[in-house]
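Next, two complexes with chain A in common: one pairs it with chain B, the other with chain C.
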Partner chain A sequence: MIIAERKPIKELLEMLVGHDHVLLVGCKGCVTVCNAGGVREVGVLASALRIARRRQGRPIGIDEMTLDRQCEPEFISWLEEPLREKGYTAVMSAACSVGPQYIAERFDRVAVMPALNTKFIGGTLEHGVWAEFCRACGNCGIHNFGGLCPITRCSKGLLHGPCAGSSGSKCEVRPEVDCIWHLIYQRMKNLGQIEKLKALKPAKDWSGYWSGGVRRVVREDLTL
Partner chain B sequence: MKAGSNLERLLRSGQFTITAEFVPPATGDRGLIERQARYFKGHVDAVNVADNMGAVVGTASWAVSRALLDLGLEPIMSLVTRDRNRIALQSDLLGASLLGIRNVFCTTGEHQKFGDHPEALNVYDIDSVQLVNAVRGLSGSGKLLGGAVCDKAGPFFVGAAANPFGDPADFMILRLGQKVRAGADFIQSQPVFDPEKFGHWVRLAREEGLIEKCFILATVMPLRSAREARAIHEKRRGVEISQDIMTRLEGVPEPEQAREGLRICAEQMQALKEMKGVQGVHIMSAGREEVIPELIKESGLETARARD
Partner chain C sequence: MSENFEPRIVAFCCQYCSYSAADLAGSMRLSYPPNVKVVLVPCTGRVDPLHILRTIEDGADGVCVAGCLEGDCHFLEGNFKAKKRVAYVQRILHEAGVEDARVRMFNIAASDGPGFAEAARMMTETIRALGPNPLSTKTEKMSEEL
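So, the complex of A and B:
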């Protein structure tokens, strides 16, 4: 899932300067799962912002709403009625950054602000702890590495093994993190595939990554 | 002979070879580079010119390499994959060829977190093995990584790093094999403070048939003090300083520890010269180039340049 975390209240208050009537919109997708932007978080955030503004002597009206997902135009259209009827000057979106962008594209006369920082594609390590597992490079080759991703999980994204800083099975850059190459080596050993690690890998094809503007996936069978 | 550099000539002729590292300061002042160069001239066979060592901005390794050539020194130009993508790296290699640089040393480079721009965006488009392969392509068939053919660059004598002290040990040998197969001609190791462990790695490399395919230079590092030794041991991963060395340094008063560190380093150089499969030493002085002449004198080793 996409992991996000809430921006600091101070930063959100700076965004809200000049606005007195705002709609805070949550998302029931990924950011609910990682406790960043669901119904409960929207409630807590709205209260915190109201209290802070009251203390500043500039009270703010914040209404709350949480969409099933903000990455679908159909759900974004649910905002049409409240925006038309309540006269909000701004929408603050508590979704990954697809949400505020969809809202901005749909409604050209309302200011849109992100309440969250979109962090990465990851999974849950333990309650309240998430880590990155995928960099969405668009060309998955983890079968070559025992099913583990060195592109994402090695600090240098190396394809031939660890750098010199990795001894002790921990990453030099983030000592609390296992060196992924130690895990890969162990896995390959268990699988009897050490030979696969000896092979020279060609320079990676990054063309499916950050190299040509917006990436698209088209499923002909699903298009209307 | 492949590249025809002095370093290649010495190693191929079986002579024990001494290289040393130069970490260029961030300067546009040629005079400063020239003043630093006097610590190498006549003392070492070739000079590794670091490429933004420790992710700290320094003057471009190609430019400093050219300046050293002008001074009659032989440079080994370092290239790290941290800061440039394959287009820039290959472009720099062609430029190096144009400037008459014949030795190239390929590494990934320390992560920018440890440098003076920790917030920089890194590149790591290719890794060190792939960079070695790129140099070989340019140098041999005049082929770029993307497949296009260009005028041959170099030819280059290609170096790479190896970590004999990493674990698991058999993975470290596998890594060496990758670099040799990618086209590395010579290897400079991580600093050696445990000759026994290093000797074991060399033996493993020999068993794998890798020693015949590349030249091994063992890196040595003169320690300044017991405090520095402890800091390196604790903070610099991949470098372990043995208790013997620590005890020796701690056994002399602090003002004399630098001298003792130099003596230890000189002894290590002598011991490494006797080690089968090791064909040279590489001095990593961590920015203290001024100790190099004294260190070599203390070791009793002579460089081929000095012999000539």
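So, the complex of A and C:
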């Protein structure tokens, strides 16, 4: 899922300067799972912002709403009625960055602000702890590495085994992080595929990553 | 700060320990400030950050969450969860410009009536020193009514 975390209250207050009636919109997708922007976190954030603004002597009205997902225009359209009828001057989106962008595209007369910092594609390590697992490089090759991704989970993105800094199965860049090459070796050993690691990998094709402009996926069978 | 200021404190008390302790304090005829209004919860693990934030937002001068002694939770770790949530709310309040000392966690055994009375005294004195909740415009009026 997309992992995000709330921006500091101070930063959000700066965005809200000049606004007195705002709709805070959460998302029931990824950011709910990582406890950054679901119904509950929206409630906490709205309360915190109201408290902060009252402390500043400039009370603000913040209404709360949480969409099923903000990464689909269908759900963004649910905002039409409240925006038309309540006269909000701004929408603060507690979603990954897709949400505020969709809201901005749909409603050209309302200020849109991100409440969250979108961090990475990751998973839960334990309750309250998330880590990056995928860099969305566009050309997945984890079958060559026992199902584990060295592009993302090796600090140096190495494709041909660990660097010389790996020590005690831990990464030299972040000692609390497992050396993914240690894990890959163990996995391949268990799978009886150690020989496979000896094969030289061709240079990775990065054209599906940070090049060629905005990436797009089209499923002809699904398009209308 | 008004000399007449009487803090209004909401205490979320676990039914297995601190609520019983409050009960016992009464049975023991112990004297403690009447500023603490008790809300019975099945376990402090049930207390959500929103409960605390909204209580402060609605004008309470202080909030305490009172659970079992650590290791004695009827639900094993509810009071540890509450401890973390109280710390989380304190951070949020600090970010929002409100004194984080207005929110506090206590651990009181069911048999510790004097402990509850002491906690009530301590919390009341802390809030008295901090003054009224700056969010409450009605604080003075309500204090007079107490």
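As a working rule, the second predicted complex is superposed on the first by the 224 of 224 C-alpha atoms of A that agree within 3 Å, B and C clash if a C-alpha of one lies under 4 Å from a C-alpha of the other, contacts with A are read in each partner's own complex, and residues count from 1 in each chain.
One rule holds for everything that comes next: a residue touches a chain if its C-beta (ideal position, glycine included) is under 8 Å from a C-beta of that chain, and two chains touch if they have at least 3 such contacts.
Small disclaimer: the values here were computed from a predicted structure and weren't measured.
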Chain B versus chain C, judged by how many residues of chain A each one touches: B
Touching partner for A:Ala48 - first (chain B), second (chain C), both, neither: second
Should A:Pro202 be classified as contacting the first partner (chain B), the second (chain C), both, or neither? first
Check the residue A:Cys163 against both partner chains and state whether it touches chain B (first), chain C (second), both, or neither. first
With the two complexes superposed on chain A, say which partner A:Val217 touches: chain B (first), chain C (second), both, or neither. neither
Which of chain B and chain C A:Gln56 touches, first, second, both or neither: second
Chain A residues contacted in one complex by chain B, in the other by chain C: none
Could you please specify the touching residues of chain A with respect to chain C in the complex? 8-10, 40, 43-44, 47-52, 54-56
Considering the complex alone, what residue numbers of chain A touch chain B? 155-170, 172-173, 181-182, 185, 194, 197-198, 200-204, 206
Sort out for me which residues of chain C touch chain A in the complex. 48-50, 53-54, 56-57, 92-93, 95-98, 134-135
Chain A-facing residues of chain B, complex: 82, 86, 108, 110-111, 113, 122, 124-130, 133-134, 145, 161, 163, 165-168, 171, 174-175, 177-178, 181-182, 190, 237-238
